[in-house]
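When the chains are written out, they are named A, B, C, D, E and F in that same order, and each has its own residue count from 1.
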């Protein structure tokens, strides 16, 4: 007889409301049917009533965790419709805020993940370091997690000298701390017991399953949109894609830790190259045309499709978020793991249901 | 039973939960400090119990709280037997009653999480029960009797001849206190795949009963460790305090493991450790009397 | 295991990282977007702020000379601050009070009259 | 007409669509997403594929009342977005790997086909 | 008069078996009540008569001896005939070997002048079990068999009751007979009854399993009869004689070691010890009353009964140690096997084998304390197991399944039945009940032998696990109330009676000890364990079992629970289903992704990959056979 | 003061964008350490005192939050965290949004902000404590919320 239990939506180990109907045989999951819709608000319809500027704030609230990158991607997509030339300085500030966003998001994930395998003190440790990032972000943008800094045409706040000093200080103090927790994630015996070999996807499988971000890179696919021509500023900053070959939860963890270092490096390089000048160009008129914009969010690649029809409202906005791309891989990874591993496997894609359902 | 015995019994019944409560408070405080935070007040477990007692008694199965009463009653009994230096084997059996009462109580609610938690906890029995009895056996081999009074009157501390069993007992302590890495059936922190495991459906007074039971259990388990150096109460206390600190420390530096892993650990490493120790005692015919 | 042991032992030997809020209150950063402050003095009840506000937190009723903000709906986006032609709106680093829901209703003084005492209520 | 549109190959029939997509899969493309737009009473689908960071788009017009074929047989990961469009546009896909029957996001008592 | 009681104990069941054949089905109920009452009266009467030896000499002896011989011939002929009919060649071969041995004994054995029945305290205990528990089970059967047959479209109840009653006669004879030849006859008669009852369903499975039981018991029987022949060369013809002879000196003990070991093998086969365990598992196809009567509480006890009676012949010798190791090995192995089973009757079967193994281990240890434990365990185990088997049968009729997983929520459907079953399980694994008390005694007794004690420790942990699992399952509430099974007095009276018996015997444990066990151990080993029973404690020289304190704690728990229950008015709420339980009808339903509803269910952990039959059985066979060979070799050489 | 010293919370994520959620979690982490007030994030409603809700209510989760509310033993307090939970926030007129939490269950205190700072949430918890105490004194019971309530489509 199989065990059938509901898992979520209100479940202490799930940070977000998603529900799984788990079928378990002999302590091994044999079937998992996800149930979505607990955070479906209907944002793609919402643009009918909000103008393209206001939509920025809606997009930022697709998800509160990588909110900044949602805003940046959306504004960049709309800028494509306008064919607008954006001041360099604004782009650099966007990168810095975006990478700050990634830092806090990955630290957050590492913490929740540690909590997923019952390692409370490690969870607290990660979140303690995350607060340093948040403090800096708050002073740059005025808010802790929903930064609202990017707007169509540029950014709304400039980086002050003070901000830059703070950023550099944060980078310096964070780096050794990340090394500390890296040691735990990579070497701790019990952690390895739980992660190594869990929910392995081969390189090919991860690629074909359409996964994105660390889920994809954890299986050895060196694919990161930050390297594409869509937003070439990253190339100037010496960005390098982090990959791990393992393909299991352990590999995905390593990728995320490597990306923390990468983000710190990007922030430092961006600061050193930060050009002077305006932070925004005025935009006139209403958007027309179609555009696709992709950026790399903490959880992976996001695809924005915008279509304007010459009115102040967009005609269509479609967001393919990374979690949306990663959820099908859960269907592949869950069968065969133990019940105790379900939270880890669910967390390993860093699920963000609110962006999946919008 | 004379007057002093009754007095001692009453004292144990009333003082043990206070000590247990303090222990729980200290444990939470140390944990908090290990995690770099201030943590709750020392008396937090007491506040929790008081709060729980004043809450609604919400049940899914009208008889679920009966098992809590059995759990607490048998914990008190095993503690009393420990204090009165009864037969250690007997104490372990009585203690098993309380563990089983809690497990059956969890299962009796019928909640899927509680049932999964309980079946994991049953597996924990498989892991620690043999060790506990081997511990009793070591006492017998060293004193010629299962009665604990012999250990107290002994000339040499138990620990001298039972270092390997002591190690195994620390792990048992870890399992019994449901601390990481063995907090898979229920845990004091709610963050696990089974919600609150065995105790998911307990609320208000029922949960308070369980917490009080935990207090007794803390004291009882301290007692078991204390026996290792019962000849000198002070050292005994220090050793049990150190053991508890160690368990708290381990709690904070490990991830939760699978119950399968625990079974493997116990039936390979711990059992072999204990059996080697027992074999040594058997062949060396050591005695501590 | 050693790595974590090191971390927790360092933690226990140091002062806890906890900020003792509410017993010790950290000064809010000056950049912090805490709440929208309305200065009715120059307001012309043009309604731009209402139009700009994404969550429709602001309601401007010209007939009643009423400017209204639902502080529990405002998302601190500062669109209204940027948009106001008369610079009546600003952002302060004070937080809105937690507790009961709060709506600020301000009767705007007639434009050409000198400053009247502002009436904030509810 | 709009300027500024994205490049996309027009596909005429659903058979051709599935064939092309199978071809893309064997070429090593991965399924990125699919965009659904209301157009001329029917719906326009834009399938987005990606390989080596380059996008390849297919455009396919779904006639009113037509039941589009699901791609989830070729790319499993297509099932989520197709189910989403069943919910939001009231479409019915044929051959879905897991068919949520319009209840991926919406429940029986929520608004029906809000984007249609 | 003790002679009369002895005769009645054999005659009355035979009379009843004939009555069952003669009278119509509608009267069975009354017959069974009468049988139960008479059984209780007779056995109590025997106990009141006290112990003694009943000699049967000339002139009656010749007649009886002839009856015995004729019966033995008939038994062998029956075996040969039935195995030929069903073309079961191994059984046929064994039957022919038995016939040959019988022919050899018949021609070569020295002529005996008399036979004796030896009624000691042990026999009294066994008679109490057989005639009280046994008749209670038959009473239960009258409420059970109609439904059983209805399911299977059978109509063989006359055979059933005839065999069951006849079996009681044979069993009574077995536990009283002292003359080895007669003992052997009763022994074979019980085997035969068992065969008939196992193949009761007359389907292929039943017949195959019946033959397996027959064959394995014949192997035991052959060992037994060879043992008898060997003993006869030393002029030993009675069971008690063996002990007397071996008690003279070490040399005498060595002389009888081999025949004693052979007798023990007979006992092992009867008690389904490894490697003979498969017949008992196969026997579970029989109707549940059969399992309760023959295959847990009485017939299989004949094997351990014999082994315990032989204690004086191996106590303290290396043969004893070998037997102890062997028994404890069976205990741990079968406990592990029970862990992986989800068929309730198989769990009980393994548990039975394990407990018999524990008895054998205690007997093997051979100290007074251990022997006392062995005898007590026979008593307590018989009552608890009978109750558990009957409960399983009744559960099966209530829910239509004997799968442990299907039993969740039983407490809502049949609360009394569940309570009784839970009592049965608790009595098997927790203090203060008798079985645990004896387990405790045997552990304390075994603590001088490291291998045995380690086996016992592991086995007892495993026992706790599989019973706790089962108990939790039946006690778990599922909140959906289904139709309550109607309660028949014939079924619920025996159940409640056995339940009460468990509690009563556990409370009176020290009285029982004083009255039966101590004298018996003195008979067997000439010394008695120094056990005292003051202050509600069962105190031996190395420990104390405070059963009274535990009863008090238990009673207090009840009192406190009922006293405080109304202090906190309970409010019943739905299960926590992560917020997704919206169905009013079944509270375990939750909404799934397709917006329809699923029922949640949880199965227990069975560790089939570690403790599954396929993994362990071969290992068990190998080790147990090696241990038996060691026992034999030890018996002969050392 | 027995209740006010040991508030156990259950955190229900309704329709939130995660912004509020992570701030609620942040309250429990060392920097804010809500456990100083005895706060434990307890997984099961059966043991909770304070229900912390983030995000607005939609048609799928409306029954979930009602169920959970009903399963918290009295006395209990509901704390709505963030603009969404308080008023529906920026999403208040989305088609799948019913509105703030107070549309379906009684809410005792609100925390403003999008997203609210951990300090604000701590304030909310502290406010909830006194409400809890009052409810205990006045023996105020939460009404059982019926499961078939507001789930009628808004555009029907």
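We take it that a contact is a pair of C-beta atoms (placed from the backbone, for glycine too) under 8 Å apart; a residue touches a chain by one contact, two chains touch by 3 or more.
Predicted, not measured: the structure shown is a model, and the values here were computed from it.
Trainee: Between subunit D and subunit E, which partner chains are common?
Mentor: A, F
Trainee: Which chain has its Cα centroid closest to the overall Cα centroid?
Mentor: B
Trainee: I want to compare two interfaces, E-F and A-C. Which one has more contacting C-beta pairs?
Mentor: Pair with more contacting C-beta pairs, E-F versus A-C: A-C.
Trainee: Looking at CA centres, what chain is most distant from subunit E?
Mentor: If we average the C-alpha coordinates per chain, C ends up farthest from subunit E.
Trainee: Using the average of all C-alpha atoms in each chain as its centre, how far is it in Å between subunit B and subunit D?
Mentor: Distance between chain centres, rounded to whole Å: 59 Å.
Trainee: Round to the nearest whole Å and give the separation of the Cα centres of subunit B and subunit F.
Mentor: 36
Trainee: Can you give the whole-Å distance between the Cα centres of subunit A and subunit E?
Mentor: Computed value for the inter-centroid distance: 65 Å.
Trainee: What are the residue numbers in subunit A that touch two or more other chains?
Mentor: Touching at least two other chains: 3-7, 9-13, 27, 33, 36-37, 40, 42, 45, 57-58, 61, 121-122, 124-125, 128, 143, 146, 188-190.
Trainee: Touching two or more other chains, which residues of subunit C qualify?
Mentor: In subunit C, 1, 4, 8, 16-18, 20, 54, 75-76 touch at least two other chains.
Trainee: For subunit E, which residues are shared contacts with two or more other chains?
Mentor: Within subunit E, the residues that touch at least two other chains are 571, 573-574, 576-580, 591, 593-594, 600-602, 605.
Trainee: According to the definition already given, which pairs of chains are in contact?
Mentor: A-B, A-C, A-D, A-E, A-F, B-C, B-E, B-F, C-F, D-E, D-F, E-F
Trainee: Could you list, by residue number, the parts of subunit F that touch subunit E in their complex?
Mentor: For subunit F paired with subunit E, touching residues are 12, 44-46, 61, 63-65, 67-68, 70-71, 73, 147.
Trainee: Taking the touch rule as given, give the residues of subunit F at its contact with subunit A in the complex, in rising order.
Mentor: These residues of subunit F touch subunit A: 10, 12-23, 25-26, 29-31, 41-44, 55-56, 58, 60-61, 64, 68, 90-91, 93-97, 114-115, 117.
Trainee: Residue numbers of subunit F touching subunit D in their complex, please.
Mentor: Counting only subunit F, the residues touching subunit D are 58-60, 95-96, 151-156.
Trainee: Where on subunit E is subunit D touching in the complex?
Mentor: Touching subunit D from subunit E are residues 593-595.
Trainee: So in the complex, the part of subunit B that touches subunit A is made up of which residues?
Mentor: Subunit B residues touching subunit A: 31, 34-37, 112-113, 116, 180-181, 183-184, 187, 189-193, 195, 252-261.
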